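For reference, chains read A, B and C in written order, and residue numbers begin at 1 within each chain.
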Amino acid sequence: MRLSDVAKMLGGSLDGDPSADIRGLAAIEDAGPSELTFLANPKYRKFLDTTGAAAVLVPEGADAATLRRKGGPALLRVADPYRAFLLLADEFYPPAPEPAPGIHPSAVVAGTAVLGKDCSIGAHAVIGDGCILGDRVSISPGSVIDSAVRIGSDTRIMENVVVKSSTRIGERVTLHPGCVIGGDGFGFTPKSDGSHEKVPQRGIVVIGDDAEVGSNCTIDRAMIGETRIGRGVKLDNLIQIGHNVVIGDHTVIVAQTGVAGSTRIGEQCMIAGQVGIVGHLRIADRVKIGAQAGVSRSLGETGGTYSSSPAKEHRRAMRIEGGIRQLPEMITELRALREEVDRLRGSREGTSTPSGEKDPS
Amino acid sequence: MRLSDVAKMLGGSLDGDPSADIRGLAAIEDAGPSELTFLANPKYRKFLDTTGAAAVLVPEGADAATLRRKGGPALLRVADPYRAFLLLADEFYPPAPEPAPGIHPSAVVAGTAVLGKDCSIGAHAVIGDGCILGDRVSISPGSVIDSAVRIGSDTRIMENVVVKSSTRIGERVTLHPGCVIGGDGFGFTPKSDGSHEKVPQRGIVVIGDDAEVGSNCTIDRAMIGETRIGRGVKLDNLIQIGHNVVIGDHTVIVAQTGVAGSTRIGEQCMIAGQVGIVGHLRIADRVKIGAQAGVSRSLGETGGTYSSSPAKEHRRAMRIEGGIRQLPEMITELRALREEVDRLRGSREGTSTPSGEKDPS
Amino acid sequence: MRLSDVAKMLGGSLDGDPSADIRGLAAIEDAGPSELTFLANPKYRKFLDTTGAAAVLVPEGADAATLRRKGGPALLRVADPYRAFLLLADEFYPPAPEPAPGIHPSAVVAGTAVLGKDCSIGAHAVIGDGCILGDRVSISPGSVIDSAVRIGSDTRIMENVVVKSSTRIGERVTLHPGCVIGGDGFGFTPKSDGSHEKVPQRGIVVIGDDAEVGSNCTIDRAMIGETRIGRGVKLDNLIQIGHNVVIGDHTVIVAQTGVAGSTRIGEQCMIAGQVGIVGHLRIADRVKIGAQAGVSRSLGETGGTYSSSPAKEHRRAMRIEGGIRQLPEMITELRALREEVDRLRGSREGTSTPSGEKDPS
C-alpha cells in the first residue's frame, strides 16, 4: 500500500515520500524499512531518532520533538495515532473469519439442548443435556459443555474448553482454549486416620457479560452458592480461581495468579502476574497489586497499591526493599559501631573513673 | 421446605418459627432470609449476631453464646451441625447424576482394551491398545487414555484429560478436567554446541487409591521407574509434579505448587499454594509448608512447619518478617547511632586526651 | 538379562558375578538387588558404598574410589557410563511405538489442508483450512490445528493440544499434551467508564526447529508481528509466554515460569521454575535465573547469574539473604547499642562538660 493511500485512508497530513511502499505494521522499536509504526505515548519519543520504520503516525499537534529529521521516517499526522494504527491493523492483518454458523456433523449435541440463531458448533464439540445457548454462540472444536449450562448471545468458546454442569455464562464472553470452568472446588475435611473426606461441591460458576478468560485457566464451582466473575473481567492465562470467589466488574488479572476460596475482589482492580491471594479476604475496589505479591490479609483501602510477599502498602514495600538491598552494608556498619562503642566504653571507663580502678594502664 | 420438616428430617430441636420457608443453603456470612446455614466452628460465632439467615444449625449442647436473640434466625439444635448441613446439601443440591454406563458411539475404544462392568465412556473419548479398566470406571467426553493404562474400579476421569501410556491409576480416583498424567519428564543434557539432547523418559506414573488430581495439573512420567502419587493424596488445580517425584499417602497440596524431579514428600503433609520445591529433596511426614514458600533443602523434621522463600522454620520466618518490616526504621536508627558515636568519639578525643594534641581547640 | 550379556553388549569389562540376573535399571540411590545403575557424576561416588544395585556402570579409568568392595555391587567398566545406561534403557524400556502413519477415520481434516508423506493423524484430531504439514508429522488424538498452520517434518503434536491460526512450527518439534499455542495476547485499553477495550491480537507464533513445549503451557500470539520461540528451546510444563516475546535459541525454562509481553530473552539462557519476568525487558545470552526470581529490569550482562525477587546479581542476593537471616539478631544488637550509646552519652555529659552547664546534677 502506498503511503499516500494510507494518508488518504486515515485523513492525515503527510510529511515525507508519498510513494513509499508500506507492507506491514510494527512496534516503534522493531519496525523495518517497509513498515509503519505509531507514536502515541510521549515516553517512546526517543525511538523517533532510531526507528527503522518507513513512516510513523504522530499526533496532529506535533511539537518540535516530533519534527521530521533528515533521512528519518516519514511522519503522518493524525488525530489519534493509536486509533489510526488499529484501523490499519484491520487493513493489513484482517481478523480470522468467524466460524460459519452450523453444527459440524461430528459434534454431539443433546436432544434437550436449545440453540439460538446462527450458532456455530465445531468438530467433536459436545453440548450436554439441557444446555441453553443464545444467538450466534460459537463453540470451537473439542470443547465439552456439560449439562444445564446457559450461554449468552455472541459468546465464543475456544478449542478444548471444558464447562461443567449448571455454569451460567453471559453475553459476548470469550473463553480461551483449554480453560476449565466449574471443576470441583478444593474442599476436604481431615479424618482421624489422616485421610480426608471430600466436601461436596454443589454450587456453580457465573461469568458476567463481556468477560474474557485466558487459556488453561481454572475456575472452580462454589461449594454451595456461586463463584462469580463480574462483567468485563479480564483474566490472562493459567489463572486459578477458587470456589466461592467473587471478582468485581472490570477487574483485570495477569497470568498465573491464584485466588483462594471465598475471597471477594472489588471492581476495577488491577492484579499483576503470579500473585497469590489467600482465602476469605476482602479486596476493595480499584486496588492495584504488584507482580508476585502474596496477599494474606484483607486490603480495605479503595484504590490502594500493594506489593511484595507478604503484601504491604507499595511505597512502604519499596522503602523496605531499599533497606533489604542495604543489608550487607548495614551488617558491616553494625559491626563497626559495636567495635567503636566497645572502644568508647573502654576509654570512658578509663577516663571517667576517677579512681582508675578499672583501668590498669 | 418448611423449617419444621427440616427439623424432622435431621431429628433436631427447633427454637424459632416452624413455618419458615427454607429454599437453600449458604455460608453464615452470605445467607439470606430464605436460607439456612450452620455454625460448627466457634470462631464464626460472631456471625450469629449479623447473619441474615432464616435458620442456623447449632450444636446440641449450645451455651449462652448460641442462645436465640430476638428477631434473629431460628436455631436448630443437632448433634453435628456440619454433618446435618451436608445432608441438607444432598437434599437442596442433589449431586449431578453419574454418567450412564455404556460406550458413546463416537468414542474410539481399541479392540485390545479390556473394560470392567458398567463402565461409562463419553463422547469422543479415546481408549488405547491394551488398556485395562476396572468396574464402573467413567471416562468423560474428550479424554484420551493412551496405550497400556490400568485404571481401578470406580475411578472417574473428567473431560479432556490426557493419560499417557502405561500409567497405573488406583480405585476411586478422580482426575479433574484437563489434567495431563504421564507426559515426558523434563530432562536434557547440554551438548558442546549449546544445544541439548533429550534424556529418554521411559518410566511411568502410579496414582494410589482415592487420590484426586485437580484441573489442568501436570504429572510427569519417571525417567526410569515411577513417579508416585500416594493413596488419598489431594492435588488442587494447576500443580506441576516432576519426574520421579514421590508423594506420600494423604498429603494435600494447594493450587499452582510445583515439585521438581526426584523429590520425595512424606505422608499427611499440608503444602499451601504457589509453593516451589526443588529437586532431589526429602520432606518428612506431616510437614506443613506455607503459601509461596521456596523449599531449597530437605525438611527432615516430622510435623515441622516452614514458610518464606527460601523456606525457613515458620516461627523463625515470622521473626525475620517482623525484622524486615522494621528495616526503614532500623536504617534511621543506625544513622542516628553513627552520628552519636561520631560525636561521642569526637568529644572523647577532646576530653580524654591529656596532652590535647589531637584537640586543636 | 545375565550381567555377562550386558557386559558383552556394551563391550565393557566386568568385575563381579557374570551370572547375576539384571531385570531393570534405576538411579543409584534407588536401585535394588536385580537392578543395574551407573556412576557418571563423581559427586555420587558416596552411593557406591550404600547402593543396593546388583551392578554399577563405572568409567574405564576407575580410580581407587571405584574399586569393588566385598559384597558390594558388580562393577562394569565402560568408556561412557551414561551413554551405556541410555543404551540399556532402550533395551529394558523400549520407547513407545510411534503412531502408525494414516488418518484415523474419526479425524476431521479440511480438504484444503496439505499433508506430507507418512503423517499420522489421531482419533478426533482436527486439521483446519490451509494447514501445511511436512513429512512424518504426527498429530495425536484430540488435538485441534486451526487454519493456515504450518508444521515442519518429523514434528510431534501430543494429545489435546490447541494450535491457533497461522502458527508456524519448525521440524522435529514436540508439543506436549494440553498446551495452547497462539491464543490471544493479553491486551486491553482502559475506557473512561472503567471497562476495557480489547486490543486486537493479529500476529502469530513461530516455533523453531527441535524446540519442545511442555504440557499445558500457553504461548500467546503477537499483537502484530511474531511471538518467537527459538531453535532448540526447551520449555517445561505450565509455562506462560506473553505476546511478542522472543526466546533465543537453546534457552531452557523450567516449569510454571511466566514471561510477560515483548520481553526478549537471549540464547542458551537457563531459567529456573516459577520465575516471573515482566514485559519489555532484554535478557542477555547465557543468563541464569534462579527459581522464583522476579525479574523487573533488563539483565544485560552475558552469562550473568541472578536470583531473588526482585532479582539481583546472585552473589549479592546470597549476601542479602544472609543478612535477612540475621535480622532478629541485628535488631537485638541495635537495641543493645542504643542503650549503651545512651549510657555513654549520659556519662560523657557527666564527665566531659567542664562547666557542668548541661548537667543539672
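Following the convention adopted for this analysis, a residue touches a chain if its C-beta (ideal position, glycine included) is under 8 Å from a C-beta of that chain, and two chains touch if they have at least 3 such contacts.
Fair warning: this is a prediction, and the values are worked out from it, not measured in the lab.
In a homomeric contact, the two copies may use the same or different surfaces; for chain B and chain C, under half of the interface residue numbers are shared, pointing to different surfaces. For the copy pair chain A and chain C, the superposing rotation over Cα atoms measures out at 120 degrees to the nearest 5. Between chain B and chain C the centroid-to-centroid distance comes to 24 Å (mean Cα coordinates, whole Å).
Counting only residues that touch two or more partner chains, chain C has 106, 124, 142, 160, 178, 216, 238, 256, 274, 309, 324, 327, 330, 334, 337, 341, 344, 348, 351-352. Across the complex, chain A is touched by residues 24-27, 30, 82, 86, 89-90, 92-93, 95-96, 104, 106, 122-124, 140-142, 158-160, 174, 176-178, 210, 212, 214-216, 232, 234, 236-238, 249-250, 252, 254-256, 267-268, 273-274, 291-292, 309, 321, 324-325, 327-328, 330-331, 334, 337-338, 341, 344-345, 348, 351-352 of chain B.
Those residues of chain C that touch chain A in the complex are listed here as 106, 108, 124, 126, 142, 144, 146-147, 160, 162, 164-166, 178, 180, 183-184, 186, 188-189, 194-196, 198-200, 202-203, 216, 218, 220, 224-225, 238, 240, 242, 244, 256, 258, 260, 262, 274, 276, 278, 294, 296, 309-310, 312, 316, 319-320, 322-324, 326-327, 330, 333-334, 337, 340-341, 344, 347-348, 350-352.
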